[in-house]
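Some structures are shown below for you to check.
Both complexes below contain chain A, partnered by chain B and then by chain C.
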Partner chain A sequence: MFDLIQYLVDGLAVGSVYALIALGYSMVFGVLQLVNFAHGELFMVGAYFVMYAISLGLPWPVALGLGMCFVGLFAVAMERLCYKPLRGAGKLAPLITAVGLSLLLQNLVQAILGPNPQSYPARVPEGKLSQFFGQYLPDPSQLQIPHLPDGLFDWNDLVIRHRDLMIFTIAVFVTLGLELFLRKTRPGRGIRALALQPNAAKLVGVPFDFTISMTFFIGAALAVVAGLLQGMADNQVTPYMGISSGLKAFAAAVLGGIGVIPGALLGGLVLGIAERLLVGYDLSTYKDGAAFFILIIVLLLRPQGLLGKARMVKV
Partner chain B sequence: MSLLQVENLTVRYGAIEALRHISFSVNEGEIVTFVGSNGAGKTTTMRTLSGLVRASAGKIRFKGVGIDTLASHQIVKLGLVQSPEGRLVFPDLSVKENLLLGAFARPASNGELQHELEHVFALFPRLKERINQDAHTLSGGEQQMLAIGRALMAKPALLLLDEPSLGIAPLLVQQIFQKIVELNKKQGTTILLAEQNARMALKIAHRAYVLEVGEIVQQGVAADLLNDERLQKAYLGG
Partner chain C sequence: MTMPSKTTRRVVVTALSAALCSLGLAVSMVARAAVGEVKVGVILPLTGDKATFGQESLNGLKLALEKAGKETPQLKIQVEDTQGTPAGSAAAVNKLIATDKVAVIIGEVASSNTIAASTAAQSAKIPLMTHASTNDTITLGKDFISRICFVDSFQGAVMAKFAVTNLKAKTAAILVDSDSDYSRGLRDSFKQAFIAAGGTIKEDLVISYSQKDRDFKTQLIKVRKAAPDAVFIPGYYTQVGAILRQAKELKLNSKFLGTDGWDSPDLFKIAGAAAAGHYVSSHFAADDTDNRVQDFVREYKARNKENPGAMAALGYDAGFFMRAAIKKAGSNEPSKIRDAIASMKNFDGITGTITIDKNRNAVKPAVIVTTTEKEFKFLTRVNP
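So, the complex of A and B:
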């Protein structure tokens, strides 16, 4: 019984990272009914970007800010170049494009930075690249590498690591902030209007293309936050982290009710906890399958997801 | 010069020509109506004016500005605002939130918005009773009032109303048409109305165009068309 509570707590941190990625899946799906399978790769690219920026000697807040802007703009460009021309071409074409983009990014990063995991301080792989860039990497001993706090709360043997608590708190605040942005600000209301009724949103004057770009930007920026947290927590980034965490985050978004912001958080946490429970009870072989098993069960019982609304359409 | 001037407008959906070289105009202060049966091209005309559909040929000038290449939100900013067919209210938002979104294109102070809201409530008191209710819980007629109210929040120089009578109880249709006249007479709002219910539309409009499979086949003063023999046979059930 006591173990159970411990696993629940442990799962919160894992789930929080899924949640931060799931927010982007959910927002983009909300406005375009598009599952942007390349979103997981944005998380991966963000994790690399921030790790290298920090290894170049930038303070972590600057590295994070730059990463959010760079990956955000990258996502905007991706939408403009790859998805926008396919509007009106049905749902299958953009979906296949998304899968293609995901594979492309994963393989590009692997080709450029190598297939092996990187950890702090990041190194440029041997070869031509390192001849170019290697000299710019500062002496590792000079770097200020960000650390998640190491401390523990020990309460009657229930151990809560400070870093897990911190990751969880960040995820909760980001979700709240996003929800507030969507409800209280003008651009946020535009995103919501577009998600609820696209043509009506256009007719009240919501700028369509700009709002779509903004949605991609925000989703990508949040994925970079997740990338930094994951990179610090595991002290490693790999070209494959996007595909594994990304798919689970997608499952989390659907589980919570895709298009519903608090649903992404809830879905992420449920999946994170489920994973930890399986590991805790010696079933870690099934860890990665858990997300999808839960997803299937929930969708059978509640097709709209945990927090999604099912509504009859009035005509 | 007319407020809205459309020349040789042609719209294609793939190989199908939904509109063929139609030309029409709306003058300030008028109610102009498009009548015609289902599929005649009324909604296509409205959607093209609002920039939801692109014209393949022709010119649309509003307040002297060519708007056929503008995006929807830019057209709304110029003051050409539509209450669409099927109403398209924001289902999960309250009546008040729906109305406030109507003013999206026109950043206004809270005081101004409150004033505009009162204005809409004066026209449709029913909306005030339902102010905090989600839009999807409203009846069809109430949703229509909401759609018109939302368009009014944008302070339109030209209000497009697409099929305001569609799927609404006859008694409410009467009421809504009275309100349209009231808007036009008391506040001088210029209105372009697309309507299947030709008799109702011709009764309140100043001028009318008759659309048949994408072409304007008749036009003139609405009162004259109401007594036109051919039109009576085709659309007015008499």
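So, the complex of A and C:
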């Protein structure tokens, strides 16, 4: 019984990172009905950006802020250049573009920063880039690398890491904040209006392009938060980290009800817990398949996801 | 046009076969006289989560070839990156055999990858010699596959005996990488030897993890609860580094024992301070006082600006060993090279004296090293 509680608690922390990524999937789908498969790569690029910024000697809040702005603007540019010209071209074209962008980013990062896992403090790989850029990186031994809190709560046999609690709390507050933003503020209501009925929203004066850019920006910024947390918790950043986390976050978004903000959090947590349960009962090999197994079962029973509202589609 | 008469045809056939025979004779005479150049395929994980293994192996191999200079036989290496995956390894072998027509192949590092590669090499009858894959089954029933490193039934027993005799461990837990043949083989050999030496390993303390895992808390909590004297982790440095880090976070106080999969500079980068105070079996230690080892370390460092790990030493030995074997074969014919490798005795390498046994495995010593926060320190050498 105690084991079970332990796995549930551990699952919350793992699921929180999925949830932070899933929020971006969910928001973009809400306004554009587009599954942005390149979203997992924004998470990866964010993790790299923050890692290098911290390795340059910047304090972590500055590094995080810069990372959110940079990756956010990058996502906006991506939308303007790659998705916007395809509006009205059906749903398949942007979807394939998203898959292509995802592969492009993975390989681009691999080509520039090297295919091998990086740990804090990050180094520039050998080559031209290193000669040009490497001189600006301070000596690693001189650097104070910030890290997540490493304390423990320890009751009898139940062990909770402070950093797990921190990640969980951040995920909950970010979700609440996002939900408040969407309900209470003018730009937030604009996003909801677009999601509900794009043409009517345009008629009543919601700035269409601006609102979509904002959606991409927010989603990417949240992915950077997830990238920082995961990169620091694991002390490892790789060009492929967006693939598995991105896919699971996508599964989480669909599971919770894509387009519904609290659904992304719930979906992430459910997947995280399922994963930890499998590992706990010594079935870790099946852990990655589990996410999709659960997804299939839930979609069979509730096609709109756990928190999604069934919507009539007018033909 | 009329058909040529029977006699004419017979004459032509005889002449042709005579010509072919003499040609063949000439070729084999040239080959036996001296092998000038031999194409050697090299498959290594140059990228991915075992990349330092591939890079170090290649650095060591290149140093060996450089030192051999212009002496014949010249080894012309063709290097292929396997990305550290079984599929990549099989593809690399197929490419080397079909396109580059290599006579012999050196590599891979990880056992699962070498197993995938060896199937392709065996069916093409091209000898494959691994410098670093230790899983027992690799050479089993495949007569073109050989190795110059020790096997895991030896390595696991070495660590089990060390745990019982030197660390006075009575209970142990094992964390197994379930995606790796290497790890599963070592689990079995360690367990058997540990129990034979009088220790106990509870069934529920043999816990698996996956190479895709990043968070090992669930596994480590189980170990922490049971608090065994020793924890054996036969795994690769990327995951082991994370495990050690998280074990320290969880204030897990057992002693950790590892195997040659730990032997990478990246272990210390990933684990940080948590890397200190563990015991690892390996092929080589850079601070071994042996003169030849120190010469190698100096030359390697001058060339690559870092201390060599076990993979660098094995790559270096592989270069010299392969040259010696080809010289002995006196031919660049794959089957002759195979026979020469299989009959090598008392080859003096920097990872120990290597004798190839009847199963084409190397009989040679292992070293046990201990870890600080930054590097491995030589502790002792264990002979087979």
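Brief remarks follow.
The rule we apply is simple: the second predicted complex is superposed on the first by the 310 of 315 C-alpha atoms of A that agree within 3 Å, B and C clash if a C-alpha of one lies under 4 Å from a C-alpha of the other, contacts with A are read in each partner's own complex, and residues count from 1 in each chain.
In the analysis below, a residue touches a chain if its C-beta (ideal position, glycine included) is under 8 Å from a C-beta of that chain, and two chains touch if they have at least 3 such contacts.
Since we're looking at a predicted model, the values are computed, not measured.
In the superposed model, A:Pro115 lies in contact with chain C only, and not with chain B. Of the two partner chains, chain C is the only one that A:Val159 touches; chain B does not reach it. Of the two partner chains, chain C is the only one that A:Arg276 touches; chain B does not reach it.
When chain B and chain C are set side by side, the one touching more residues of chain A is C. In the superposition on chain A, A:Gly190 makes contact with chain B only, not with chain C.
Once the two complexes are laid over each other on the shared chain, residue contacts for A:Ala200 go to chain B alone; chain C is not touched.
Using the contact criterion defined above for the overlaid structures, shared-chain residue A:Phe208 touches chain B, although it does not reach chain C.
No residue of chain A lies at the contact with chain B in one complex and also at the contact with chain C in the other.
Residues 50-52, 71-73, 76-77, 81-82, 84, 86, 88-93, 101-107, 136, 140, 143, 150-151, 154, 167 of chain B are the ones that touch chain A when the two sit in their complex.
Residues of chain C touching chain A in their complex: 47-49, 51-52, 83, 178-179, 207-210, 212-215, 217-219, 221, 224-225, 238, 241-242, 245, 249-251, 266, 269-270, 272. The touching residues of chain A, when paired with chain C in their complex, are 6-7, 10, 13-14, 115-117, 119, 150, 152, 157, 159, 161, 164, 230, 233-236, 238, 244, 276, 279-280, 282, 284-285, 287-288. The residues of chain A lying in touch with chain B in their complex are 186, 189-190, 193, 196-197, 199-209, 309, 311, 314-315.
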